[in-house]
Amino acid sequence: MATRKLITDEEASPEVAAVFDDIRKTRKSDFINNFWRALAHDPERLKAVWNDLKTVMGPGEIDPLTKEMIYIAVSVANGCSYCIHSHTTAARAKGMSDAQHNELTAIIGMAGQTNHLVTSLQVPVDAVFKAD
Amino acid sequence: MATRKLITDEEASPEVAAVFDDIRKTRKSDFINNFWRALAHDPERLKAVWNDLKTVMGPGEIDPLTKEMIYIAVSVANGCSYCIHSHTTAARAKGMSDAQHNELTAIIGMAGQTNHLVTSLQVPVDAVFKAD
Amino acid sequence: MATRKLITDEEASPEVAAVFDDIRKTRKSDFINNFWRALAHDPERLKAVWNDLKTVMGPGEIDPLTKEMIYIAVSVANGCSYCIHSHTTAARAKGMSDAQHNELTAIIGMAGQTNHLVTSLQVPVDAVFKAD
Amino acid sequence: MATRKLITDEEASPEVAAVFDDIRKTRKSDFINNFWRALAHDPERLKAVWNDLKTVMGPGEIDPLTKEMIYIAVSVANGCSYCIHSHTTAARAKGMSDAQHNELTAIIGMAGQTNHLVTSLQVPVDAVFKAD
Amino acid sequence: MATRKLITDEEASPEVAAVFDDIRKTRKSDFINNFWRALAHDPERLKAVWNDLKTVMGPGEIDPLTKEMIYIAVSVANGCSYCIHSHTTAARAKGMSDAQHNELTAIIGMAGQTNHLVTSLQVPVDAVFKAD
Amino acid sequence: MATRKLITDEEASPEVAAVFDDIRKTRKSDFINNFWRALAHDPERLKAVWNDLKTVMGPGEIDPLTKEMIYIAVSVANGCSYCIHSHTTAARAKGMSDAQHNELTAIIGMAGQTNHLVTSLQVPVDAVFKAD
């Protein structure tokens, strides 16, 4: 299923090919996953999203594996099956152990539960939690 | 706003008071936040959720601050305002710096964007991402 | 907060007034809640939604209180604060006890948890669960 | 996958057949898509939803293609794969170009991102944005 | 698709096997559905979630079929395909008729509609709906 | 409520001030809404998101008002109250009439309904709707 066909290397315009090259160089892998091949129908967007993602997921104050686990957490809550699969693979490549995967899943489940409990009870925010 | 009144210490049944005591002891703080006071209408559930949360968010393979950031990520995607406020406060108490908060927010935003792009394009999951 | 002002009885067009009358007659109450006053900017939609809701929530194979609890469950998962408040009030008016409210909230919380666990694990649907 | 079997033309009751006929006449096509065949287990609902949809998506102040793009936007945010496929097909039939599809997807992605950023930061609504 | 392989009976640790036994005994069926087999990578979580679910979905103030319908309602709003399939099957096993399934679906649809209308109009909560 | 304080003009770093200036110049208005003031804690992200938004929402194949309506649709489905308020204000500034606002809201409501119906029934995607 897809609402756009996937762009192969042969079909890639020079602008798309340049982004694919940068993805390969950055990831040190020849593999281009389907997300980028679907987004490649819009070369400008492809370039902008890739550059943005590279910056946000690159070196910083939060370590690379933690970044992937945060990404998975958002993707689960949003129900994005593709994103869960791709970022779980990325987290494993960055060292996520089975035990860490278990804990990640348990935290996501608990957050799902308490989010629903809080919303059902419509709990007012404690004054001490507000920054302003 | 709330669909249940908040249970004060004076109104707490012995079963509820015991959970409140354990929350205070575990957190080394006298403060009981509104979530537990709203959930206290159901003492059995209060006890079960608190014990479960204590286990899941307790010591393990993922460090305490990372656990809070994962919790925030899920809560943002689910739009739970109370949970975002309470877990952001908890993350700060566990050492989250302003720079880390910036990165956490940036990752959540990027995940929000790519989750929507992937879903709009209905990108099929790459075979290599599947565990089975 | 609101993106449209609320239509008062004085401002109601004859078409809107007729729907307000039917709401009052059906509910045996003079009170018109804010949802209908906001929707009244579009008299045709007001009428269609009210008639549809009256049919769906009216007598049938599922009892009235259960219908309200199902409505609350959807509204919690969608994070619609207004809807949670209004349908919790309606459920209480139809006899929901505190103990039932506790159980409803507990079920919604458990569903929230297992929905997140299943999605994180991307569990494939068992063949026996499929109707086709 | 499905929780109800799809109703074929042969299995359609007279009430269902009448709706199917109206769908065919309105759309000037013999094709009845699966949504209507699944909903046909409830002939009254089938008729109500079809009539409502015909009114809402029919001629008005917003042009037909824009209406389809709005429908896609909601369906993406709700993660309804079926709806994304069917309304993307409908939008193309109403003239959506590849360039417009690119822009639609880009807007949905940006909204996904800023929705998450705003929610993470819990930004208070500016007074000037409120209608009341 | 799955991010974890499913644990077979042969691969089950004694702790996992004990939970599988209790599921079989409680449900009076030899069948263990995929959710438990995926969760079994984390035996402690498997046991906690199963025990919690057994309590929440067990005898109480809300009848078993209503409990399943509430579970379905949350799962639909959260877009959890697996959960919708498994709990629809469970609801049918507990006596849900076709007519009740029709009504359940209709209520979920109406709630989906009014949740969106209310959110679009940002309707303020009526004072009488608040518990505090 | 907010998890970060809002950055005033006086507190703005030169990098932030430069973005604020560009927002003012682009919008031909002195007003900087709270979103940018909250995001300004992360000057790099502020700049990236503003530039991206300016590009995506700028001149293209979809007219400016339609772009705002699509943005509102996503924001409603995601339950982002701030975003609904800000983009409804923007849509009005770009010419959205009351009648168009009514239709926009009606479409969002219908999509909310059919998204839920489709998900409840787990309708399989028709082969003709797939691009691949």
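A, B, C, D, E and F label the chains in the order they appear, each numbered from 1.
Please note the rule applied: a residue touches a chain if its C-beta (ideal position, glycine included) is under 8 Å from a C-beta of that chain, and two chains touch if they have at least 3 such contacts.
Keep in mind it's a predicted model, so treat the numbers as computed, not measured.
Enquirer: Hey, which one of C-F, B-D or C-E is the same interface as B-C, over half the contact pairs lining up?
Expert: It is C-F that reproduces the contact pattern of B-C.
Enquirer: Between chain pairs E-F and A-F, which one is joined by a greater number of C-beta pairs in contact?
Expert: E-F
Enquirer: Average the CA atoms of each chain to get its centre, and name the chain whose centre is farthest from that of chain F.
Expert: Following the centroid criterion, the farthest chain would be E.
Enquirer: For chain A and chain D, let me know how many angstrom lie between their CA-based centres, rounded off.
Expert: Measuring from centre to centre gives 27 Å for this pair.
Enquirer: Report the inter-centroid distance (CA atoms only) between chain A and chain C in whole Å.
Expert: 34
Enquirer: Could you work out how far the Cα centre of chain C sits from that of chain D, in whole Å?
Expert: Roughly 21 Å, centre to centre.
Enquirer: Considering chain C alone, which of its residues make contact with at least two other chains?
Expert: Residues 1-4, 6, 49, 52, 74, 76-81, 84-85, 88, 102, 104-106, 108-117, 119-122, 124-125, 130, 132 of chain C touch two or more partner chains.
Enquirer: Please classify the inter-chain touch graph. Allowed labels: line, ring, star, complete, other.
Expert: Per interface graph, the chains form a complete graph.
Enquirer: Quick check: in the complex, which residue numbers of chain C touch chain F?
Expert: Listed in rising order, the residues are 1, 3-4, 41-42, 45, 49, 74, 78-80, 132.
Enquirer: Chain F touches which residues of chain A in the complex?
Expert: The contact residues of chain A facing chain F are 1-6, 44, 48, 52, 55, 125, 130-132.
Enquirer: For the complex, which residues does chain F have touching chain C?
Expert: It is residues 79, 81, 84-85, 88, 98, 101-102, 105-106, 109, 116, 124 of chain F that touch chain C.
Enquirer: Which part of chain B faces chain D closely enough to touch in the complex?
Expert: 72, 76-77, 79, 81, 84-85, 104-105, 108-117, 119-122
Enquirer: Per the contact definition, I'd like the list of chain F residues that touch chain D in the complex.
Expert: For chain F paired with chain D, touching residues are 1-4, 6, 31, 33-35, 38-39, 49, 52-53, 56-57, 60-62, 66-67, 69-71, 73-78, 80-83, 85-86, 88-89, 97, 99-100, 102-104, 106-115, 117-126, 128-130.
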